[in-house]
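Scrolling down, you'll hit the structures one after another.
In the two assemblies presented below, chain A is common to both, partnered first by chain B and then by chain C.
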Partner chain A sequence: MSVFTSGGFWAFVGVVAGIYTILALGIQLQFGFTGLLNFGQVAFMAIGAYTMAILVVKEGWSMWLAAPLGVAAATAASLLLGLSSLRLRADYFAIVTIAFSEIVRYVATNENALTGGSQGTIALGEVGKAAQYNDQWERFQARVQGWLHVSSSDVAMLVIVWSVAVVLLALVWLAVRTPWGRVLRAIREDEDAAASLGKNVFAYKLQVLALGSAFGGIAGLFYAWQFSFFSPADFQPLLTFFAWMIVILGGLGRVWSVPVGSLVFGFLFAGTRFLDFAPLSYLDSAERAYLRLIVIGLVIIGLVLLRPQGILGRREEMVLE
Partner chain B sequence: MFWQLVANGLVTGSVIAIAAVGVSIVYGILRLINFAYGDFMAFGALAAYAFNGPLGIPLVPAVLIAMILTAALSVGLDFVLWRPLRARRAGFMSLFLASIGLALVLRQALLFGYGPQPQQYRVDPYKVYVLGSVRLSEAQFVSIIAAAAVIVTLGLFLSRTTLGRTMRALADDRELAAIAGVNVARVITYTWILSGLLAGVAGVLAALVQTTFDPNFGFTLLLPIFAAVVLGGIGSAYGALAGGLLLGIAMELSTWPSFFGGVDPVYKPVVAFVLLAAALMVRPQGLLGRARVV
Partner chain C sequence: MSVALAVEEAVRAFGGVRALDGATLEVEPGSITGLIGPNGAGKSTLFNCVSGFLRPQSGRVLLDGRRIDRRSAHRIARAGLVRTFQTPRVLARMTVLENLLLAAPRHPGERLGRALAGRSREREARARAGELLELVQLDGHASALAGTLSGGQRKLLDLVRALMAEPRILLLDEPIAGVSPALRVELLAHILGLRERERITLLIAEHDLDFVMRACDRVIVMNDGRVIAQGTPEEVRRDAKVVDAYLGAKHQ
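Right, the complex of A and B next:
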């Protein structure tokens, strides 16, 4: 149980929760405020992370240039997806987005020359040499650690991730209070009514899709930096569902419910890792991993059944229908 | 080469088609995209394996038992999960998310029970049937015959029996069917049974075709199945059948070298989606779906 008391472990849980906050904020904006069903969020994470890593390793770019380009690539991909399929009915669009995220993963798995294939980023460079994309990031992280006078680099990462998350949360909080944000809510409540008032519903949806995907790209960058290695297996659709669960757990149609949801999810997910008392101690680690995901599945079902507005959600604002 | 690919396509396509009907009838009647359907199929495949593998029961009775078990699971979940959600008048989103949660629970439970190692049925991997220029393995041969039998039975059931017609009527317009005196609750139960039976048989056939399978394999099948459902027009049973066969053949033919050098076989599922996207641009309501004026 000593792991529970170690600061490093909880800093790690906090970093992961911060990354999930950024990822899920995109879904909150798209679904909670606009009613868009994006079930392919993990694809934008993958595009952001891969674009950055490929530019750094293969093209020798500075990470500070490659990172914004990763976010730009994720946004551009979402625009392509949106232009071609955003006019479809909501349920068709949901299926198309899952399909899109699987296609991205297929390409990442099979285009060895571009992405390193299923071996992941370690195979990005020359054969027989483990490729690294985050030297610059680690130097930056060490400098932040120096400024903050903290002993652990995990704490520095925690501060960086949550600073970015809070800035993005504040931006969304402000944005949904503008006339632009009110149009989004109008689209969520009644698309045709919004259109009849002369609002270009398609354009608004496209903007929201692009913005949420940019958040996905940013989450992908932090994911890449935190784990200093990734492979296509890291971008399973499961991650998108985790993000959805966070949004619903926290509450729909509210901004600050997203960090609450991801912290609860983070503790649930990481905390259950250490349930090793009897009878659970008789199971091996793989079996316990299955059990944890069963618990998460049951929590999703339970929420849908028992508390469709989430922890912080207001019934009058939005209830999961 | 061409005819070999068509034959392979028929094998893949008929499995997708059977599963697509199972997804489509449930969607048509309950407006529920069953994200757990791939895991229903994995459940069926592993149930059949439990009887065929360790116990050595011949494949045909093992499949029948697996179908019954999958149908029992399917209808049991209706009682404990979907019925309470219907009572709460849960909408599309709730149902979809609940099915995602269910998919997680089912898949992890199967992994818990069977472990991640690949399984295999007791079929002779070296036996080959030759028909002209086409060579089929025993598994493919069995699948193509079984799939043809299921598809014909299913077609007759949907078009000739009262229950089949009632299901289609309900999928078409639930209120109208209810006014016409259809016992909606009972038909929903039968729909889950049929959907489960189809998941069971489709799961075993899919497992046979790809020779080895593990509890995760249902999810990889799900996306081509969804593509077939959407291509055929969500909720249209015949559309799902046609969509599945079409996609299966298209996926296999895309690897034909004479066709622009052929697509790398690993991208077959991508072909299904590109085709779907192209088809939706032309016909947003799907092949056999009816355009709805909103």
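Right, the complex of A and C next:
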């Protein structure tokens, strides 16, 4: 029990919520504001993380160069996906995105020479030698820890992740308030109407897809740094749907609902560890870990029944057509 | 330049049905041209082909003498040909004012880089939007969500939103269908006023013959995907082919 009440545990929960915030912000921009159904967000996370790790381990690049390139690779992949598939109707595009994310995961699993295969990044280097891509990041994190005078490296990570998350949230918040954001919402409402008024719907969708994927890439970097190791199994489609749950929990079409949704989701997810009283204590801890999915499922069902607009959404927008 | 819009031998089939079967017509600049014909005559398909929402399978569409039949819808709108839809496509979860502002042409704030750099022309756009809302007496609803408007108000919003896009030629698809008689008179006045004040060329598809005969100075009649008659309302009214199309050939 002591581990759960320590600051370190909650800092860890907060870090994960911060990473989810960045990931889900992409979904919010794409779906909440533009109506674009992306069920493959986890792919861009994987591409960002793998690009960074491969460049550092195999090519000996500085992490500070490899990281932006990871984001660039995620963005470039989304452009390829968008150019080929964005003209499809919304639901067909959604199918393409989930297929794309599975292709990325399968490639990562099977291209042993490139990605380390199912063993993950530990097998990136030479045979028999555990590969590390994290040295430079850990030095940076230690320096931040020194500046902040905190004892836990998780707290340092918490500050770094949430600083980046808040900057991205603020940028999106500003952007959707401009006439640019107005065009996005018009596309969400009725893309034919937007086109009839001279708006290049395809170009806006492509832009939004690329931006959201860049956020996915950034989330992937932080995921890689936080866990110091990852494998293709970390990028299951379930992670994409966690991001979707966060957006639905928080409320669609609102920027600040994303961190709220992430925190609620993160704490529900971690909090189910405390359900160790009778009769739940008859279940072992691994079985209890599955309870959190049930709890989150129930919360979402309850929310859809009682508050379909999410925690911060506007009710009146739900009833209009 | 004597023709604002020309359609030449346009063909568009859906499966075995040739919705447009060699339609040819011309719209004179500054005119109010009515487009009539029985249900299924091809009026809506023609509108879609002209405005870029469908591509004609053969034939040409010319705007001010330039071919536009291969252009996408947004480029045709930017070139000055704007359309409305049969059922008004208001953006329900955006305010009435936002609906109008969206239509402002060449708005620098719609580019992400410039928008974040604060380069926008919102003030101009807002002033123009305010004038247009006043024109159709929707100014009291400016900050209401467009989804809360009545059917007739939506028609008006749709009309002024199209005007906000500063068209040189405006295509109205059944502008008075479903509009109350009192509002019809008002809409007619607005439409007549448009040509006077804004020098906009109008092409109006409408079922209400009485409205077309009163509002339009030229009328084009379609049937089975072709243009069967065009001329002044008086000429068209007397055309035997038109009478046949509406009443069936048997009445003779």
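Observations
Quick note on the criterion: the second predicted complex is superposed on the first by the 305 of 321 C-alpha atoms of A that agree within 3 Å, B and C clash if a C-alpha of one lies under 4 Å from a C-alpha of the other, contacts with A are read in each partner's own complex, and residues count from 1 in each chain.
We take it that a contact is a pair of C-beta atoms (placed from the backbone, for glycine too) under 8 Å apart; a residue touches a chain by one contact, two chains touch by 3 or more.
On a predicted model such as this, the values are computed, not experimentally measured, just so you know.
In the superposition on chain A, contact is made by A:D91 with chain B only, not with chain C. Judged by the touch definition given at the top, the superposed model places A:F44 against neither chain B nor chain C.
By the touch criterion defined above, A:L298 reaches chain B but does not reach chain C.
Within the superposed three-chain model, A:I103 lies in touch with chain B and out of touch with chain C [touch as defined at top].
Comparing chain C and chain B on the residues of chain A they touch gives the larger count to B.
Residues 192, 320-321 of chain A contact both chain B in one complex and chain C in the other.
Listing the residues of chain C that touch chain A in their complex gives 51-53, 72-75, 77-78, 82-85, 89-94, 98, 101-105, 107, 109-112, 115-116, 120, 122, 125, 145, 147-148, 161-162, 165. Those residues of chain A lying in contact with chain B across their complex are 37, 84-85, 87-92, 94-96, 98-100, 102-103, 106-107, 109-110, 192, 237-238, 241, 244, 248, 286-287, 290-291, 293-294, 296-301, 304-305, 308, 320-321.
Touching chain C in their complex are the following residues of chain A: 171, 174-175, 178-183, 185-186, 189-190, 192-201, 207, 253, 316-317, 320-321. Across the complex, chain B meets chain A through its residues 33, 81, 84-85, 88, 90-94, 96-98, 100-105, 107-109, 111-112, 115-116, 219, 223, 226-227, 230, 234, 264, 266-267, 269-270, 273, 276-277, 280-281, 284, 294.
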